[in-house]
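Two complexes come next, and they have one chain in common, chain A, joined by chain B in the first and chain C in the second.
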Partner chain A sequence: MNKPIQHCLLCERELNQSFGWEELLRKTLPQTICPRCEQRFHRVEQQQEEGVVSLYHYNEAMKDFLHRYKFLHDIVLAHVFNRILHEQLKNEKRLVIPIPMHLENLKTRTFAHIDELLKAASIPFAHHLIKLSNEQQALKTREQRLQTPQLFEVVNVTEIKGGNLLLVDDIYTTGTTLNHAKRALLQAGAKTVKGFTLIHG
Partner chain B sequence: MSTTTISIIKKHYRLFRPISTSKSTASSSSQKHTRYYGFIPEPAIKNFFTGRIWSRMNTPYPQSKIETYIKRGYFDITPAVITEPKLKCRRCLNEQRPKFISFHCAKCQKTCHYCRHCITMGRMCSCDELIMWKKEQPRSRMQKSQVDFTWTGKLTVHQQKAADELLTSLKQNRNHLIHAVCGAGKTEILFAPIYASLKAGKRVCVATPRTDVVLELYPRFQQVFQQITIHALYGGAQNDTQFAQLILATTHQLYRFENAFDVMIVDEADAFPYTYDEALQRAVMKARKAKAPIAFVTATPSTKLLIQQRNEKWGYSFIARRFHGQLLPVPRYQALWNYEKVFYKEKIPQKLKNWVEQRLQNQQPFLIFFPTIELMEQATPLFQHIEPTIESVHSEDPDRKEKVMQLRNEERKGLLTTTILERGITIKNVQVAVVGADNPVFTSSALIQISGRVGRNMHYPSGDIVFFHHGITMEMDQARKKILEMNYYE
Partner chain C sequence: MLYLVNLFKHNWIFYALSICISAGAALESVRLLALLVILLLFCHYKQLLKIHLVFVFFTGIGSYLLFSYEVNKLSVSVELPAILTWSDEYRINGVMLRGFMTNAEGEKLYVTYEIKSEQEKQLLEAQQLAGSNFFVVGEQVSPSVPAHRYGFSMAQYLQSKNARGIIEIHQLTFVGKGNSFLQPLYDQRFRLKLHIEETFPPSLVAEAQALLIGLQHNVDDELNRAYQKLGITHLFAISGLHVALVSFLFFQLLLRMSIRRESATILLLAILPMYAIVAGGAPSIWRAVSVVEFIMLARYFRWNIPMDDALSLSFIIFVLLEPGVIFQVGFQLSYLATYSLVYSSRILARYSNFWIQSFFITFVCQILVYPLLLFHFFEISLSSFIANIFFVPLFSFVILPINLAVLVLTFLPLPFDSFVFLLYEPLRTALTNFIFIIQQPIIQMWNPGKPSILWLVFLYSSVFITFYLLDKQSTLKAILLLVLPAIVFHFQSYWDGDLKISFVNVGQGDCIVIELPYRKSVIVIDAGGLLRFDQEKWKERQTPYEVGRQIVVPYLKGRGIQSIDTFVLSHADADHVEGAEEVLREVIVKEVHVTPGSISKPVMNDFLQELKKTNTKLIEKMAGDYWKVGATTFEYLWPADIEYEGNNDSLVIMVTHNQYKALFTGDLEKEGEQQLIQLYTEKLRNIDLLKAGHHGSKTSSIEEFVALTNPKFAVFMAGENNRYNHPHIDVVNRFESYHIPHATTGLEGTIEVTITKGEITIEKSNSIYLK
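Then we have the complex of A and B:
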């Protein structure tokens, strides 16, 4: 990142960063938002989807975050959830695979938002999927979604054959995206494929 | 703003004139085209872009049309963020390194930089471009405009004098400072000088740091100046595509203008964030035309501003009396030891509780100012326990306008607030308390502004203003002293 963060990324309040021995020894990631902003996000207590772990509920605060991160393209906000993502995924044994963006969308947004979340949390990942269409799943009817033949193509198949994989996306809404990706990876020979999302919509 | 700041600004401004696409040749050839092919720019496009600095890829017009105008040389183009010799946002002129984010950009495949300072207006990277309508031949030095001036109010002697002085300064293209107490009727002073400027075909901007003030001024100006287009610009306002001769804008919205105004009026010149934020000051300098005069209006000018006024020989008007002729209410002190601890023990400090009960009994609306949102939120339910219509407001509160309106309509008995309501609002017969007046957020000018909420109505020219404190500060004394001084003037 550019430099140490001294102000809350969301509200600009000054942060009381501690740079003590403990932080240095344990190499924790820096705090990037203030407690006031942090408490506006609500953790998911009980997982609601089979085979998918989600961290937060979708609420006003999250809506605001997504607007600023994905719509206003404020890439530095990738660091808002650095600590919790790190905590959750640092001991992950499975291969972490982010849901990719379509190349055209990537150019417009200028960055891949899932990749950036993982990078900010220092979680290694690998790309094994290519997004084939740039249509928005959310804009389709259920009917159309079910008919969409194939959203992803798998690349570097040998590296995932027989492997246990963890797919990462920002938000779980209908599950279509994760299901498509999962199906493609299983067909390509993966042993197990689970999901992980920041938000449960 | 100090003299040095201004000269620095001027210098920078010159350095960063639009990077034109081979200026002389492009503009002369485009003029030839104008004649040769009879390509006449649509008035709507010209009107919209005159004086504006706008994202190339995100205008209210079809992209092909914009590209045609660019090809024909009607626009200057500049990268949105300049990288050499150092990072600088071309829109808000921010140069503070911590406010830039650098990242690997998938669009240009290079390291890109964007400015977070003005990101709410849409992110602009170093690989994005801004366009500016090219300077025209001076509009035959201002055609006179048709403006109707339909104000029938009467000015006090003091107001009239200030209005005349301001008018003289504007005619001479000289800066001016109006130093007038809260409740002197500053807006009315502006009407006649603005009218004269509009009539002469000048483009006028009234800039203020707060959206609330823009919203309050807009209907008043619309009523006074009929027949002309007035735009009110603030975060969240719609983009109007017409040309407005009179613009009311938050200082933030000035980022979108350059070399646009013949007269610049900066209302509440001392208010946060204007005092603090050098980028906003630069935005004022950037939005006005090179020699256009700036008039500053304030109840609490900083020493810097006063010195600058004297050194640079600006015009100066001073009004010590309110429009209704009555003295300013003078704050009284009341000790409220350890108020914070008491609130966190879920109790309202007794003296404050008495004060609120007195207001409720007398049926007087009231405002209680708090130093922090946290303390205010801690206190809100405790007050609601005494009186359920009490609410709190702060800067991030979306229902702020509504709650203030309800206080005005007597649907609520009182409001708790942060300094956000320190200025711009007028509530008949309001009584005011400051909790923790010793907290550093309450500077002397904030305290003067807060005290200025009391006794503004002609029928209720006095009222209680009390500073509850845990120790008296210099700022409190300073505020009280300045208010008393004003009352000694004839």
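Then we have the complex of A and C:
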């Protein structure tokens, strides 16, 4: 990011960034959306899935965000959740592993959306998974999802053996993706695998 | 352009720091440039764009070269005679005219001139010197050395003013008025000064001059000290508040006159710098004016420049023009307090209650400047946190507007002003009396002493962490991290296990400070003083020179001595006791020891008057009296009778600390010494430290006494070039013939003797400054 962000990434209103001691003395991530836009996202108060932490509910605002970010390929929107993701994951001791994209999908989208979210929040991560099929879970029915064969293959097995891992994905709908990845990693020798998603669908 | 504005947004502070570092390095020591590396590492940590890192680095190096070049110019000696021009900064005090002049190249020089006659003084007082050219014959002399490490340093003052000096003027001849375009403003200021003196009641003149034209000369010293003790002196420095008020009034006036907003803005932009000059041009005024100018200019061009950037830009320009200014206390405090307000705006916005917010405004300003206040003044006012809550609104919303309004009224033909004065003056006098009452308790000052650079870094780390935590709303942790380091610093002088005996350079006179290990007790023997002669009225100084206030008290405060256990007044002579009264006002004294019969002498009157206001015990002591504190014994060897007859009845005190023996003989002369030899032959044999009697006069320190005591080190407390030629050459020779090392305070400054187990170190303050 070369240009400082001066306007809300979602609504283009000028940002009134407050600059105090924290911003002066510490490395801080810039504010990227205005309070109005921020209000439109709803935080998950009580976690509903075991072993998975989600930050926001899926609503109109989120739908709009995902559409612009993932399908209209607006990569700068990776910064929208920079602060909250940083806040949530900065003290993470487990190894952070984003859900990867299939190579073909990556080509069409031009960027890996989970990686970019984490980069914008300056959270270090490592790839240990390769996606085998380029089917999208979103396009399937629940039945189809449940019957999907293993989606992932684990690479660099030695580095995750006995390790505590945290999988990061954008949205949790039925849990198929996370479960597949979890199973693959546990089989490869990981000690524990937990999930973290931006959205709970 | 907008892109550039945004690129630098919130980053100007790093450029300001870079320039501040390079100014410090150029003026103080190249080694300070190492701070630039720390700054760059910090910028790197902050993940600033690489381009900022490069720019910050080159700004630092570039300005360092520029400042070094300017500093080198200051060391070139001044060529005289020459035609010099008076600046706006000058003052006539007693027979002395002192201030700054500029030469043809615009370089600043500090000059002093002894006025020859009353007529000449009247002439000088009646005209506006600023801008006038004079033919100057004189010579350059080096600035005087501070009396001790906590004393006022003329050399540093000159450096902070970017001035060369000192020029002692022998002849001052008027050549003509200057024709600088600023001349009308200087003249206006002078006319206003006279106008206020003519139209305001005498009791209100000083304050009106301070608040309206930034002239502090006439503020009464005692009142000023009262303001300091309440921590409200900043209210008398023209700053943001005044500028805001004046801008607001002026702007509203223009709008009422149906001038378009845009034109009014431009007019205000033009008028503010003029106001700054008429108001005296102190750093705080220029800071406020330049920040307002930046903000308004930016708004005019529709750039969004935040407050912190405007402040940093103003800082950068100020330091580029006058690098020495970073050493001016007023500059440091003004910028730091404003930075504190700017970066704390989020903290302040949390409180909506007026009084709570008012408290927090004082609080954030005070905690950012407190280590620096300690560094300069060795103490801070604790009551200021409360006092400011009331005095800031009182001055901003009542006293300042009244002064402004009355000034306008005095120009009107009708006597509205006298009517206002009739109401206002009694109220203002009542306020002054109230201030005098509440400033009395010494406890309201926290006086831990002067922090070293390392302590300063430590205290500032604590302050910044406190701000960070306040910002993060962990208030309890923040308070803890502020208070604990302060407490640790408070007790640092109590960790010192050495015995310290200091002979304070009070000029011609005695003052000895004895600090026992771990501060178990502090004993002060005498407090210096001046023998005052009656002078012609015109020669009297407006603010007299006072040894106690200007030398002894700063030494005590610098060492963090807020309370004296025993204050010994050896005998009733001005050069020993005249300064004692001023010590009593500033430091808590538990006990005063005097020699029998001495308190009936007139020179003690002021002291006794002041003593009545305290709970201090006054005790007459004589030979045989003694007391012990830990391993230290204090014993009076003299006087033996209760009839006071002068020098030979000085209290003579012997301090024994383990094997170490020190003897302080006051002004004891030959006769007294002879008797001491007879009475205490064994006790006096081969002592370690002797304060030679009567400043080393030839009527003291007789051969037998020197031979018997045979001290390892002797001190003469005599002023530089004193009129009595103390210490007498015969006496000095006598000590040398016995191979006794000795030192004279007037020549070598304050002499500090430190006794650590078996080891004695001697430090002379002049050696710190004359290298």
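By definition in this document, the second predicted complex is superposed on the first by the 195 of 201 C-alpha atoms of A that agree within 3 Å, B and C clash if a C-alpha of one lies under 4 Å from a C-alpha of the other, contacts with A are read in each partner's own complex, and residues count from 1 in each chain.
FYI, contacts are C-beta pairs under 8 Å (C-beta built on N, C-alpha and C of every residue); 3 or more make two chains touch, one makes a residue touch a chain.
Computed from a predicted structure; not experimentally measured.
Participant: In the superposed model built on chain A, check whether chain B and chain C fit or clash.
Facilitator: Aligned on chain A, chain C fits beside chain B.
Participant: Angle at chain A, chain B to chain C, CA centres, as a multiple of 10°?
Facilitator: 90
Participant: Report for A:Phe111: first if it touches chain B alone, second if chain C alone, otherwise both or neither.
Facilitator: In the superposition, A:Phe111 touches chain B alone.
Participant: Quick check for you: in the superposed arrangement, does A:His73 touch first (chain B), second (chain C), both or neither?
Facilitator: In the superposed model, A:His73 contacts chain B only, not chain C.
Participant: Rounded to the nearest angstrom, what is the minimum C-alpha distance from chain B to chain C in the superposition?
Facilitator: In the combined three-chain model, chain B comes within 8 Å of chain C at the C-alpha level.
Participant: Considering only the contact definition stated at the top, list the common interface residues of chain A for chain B and chain C.
Facilitator: Residues 2-3, 6, which sit in both footprints.
Participant: Given the complex with chain A, which residues does chain C contribute to the contact?
Facilitator: Residues 3, 6-7, 9-10, 13, 45-47, 49, 304, 306, 308, 343-347, 464, 467-468, 470-472.
Participant: Okay, in this complex, where on chain A does chain C touch?
Facilitator: Listed in rising order, the residues of chain A that touch chain C are 2-4, 6, 14, 18-27.
Participant: Okay, in this complex, where on chain B does chain A touch?
Facilitator: Residues in contact with chain A: 97-98, 100-107, 112, 114, 116, 119-120, 122-123, 125, 374, 396.
Participant: Going by the contact rule at the top, pick out the chain A residues touching chain B in the complex.
Facilitator: Going through chain A, the ones touching chain B are 2-3, 6, 11, 36, 72-76, 106-112.
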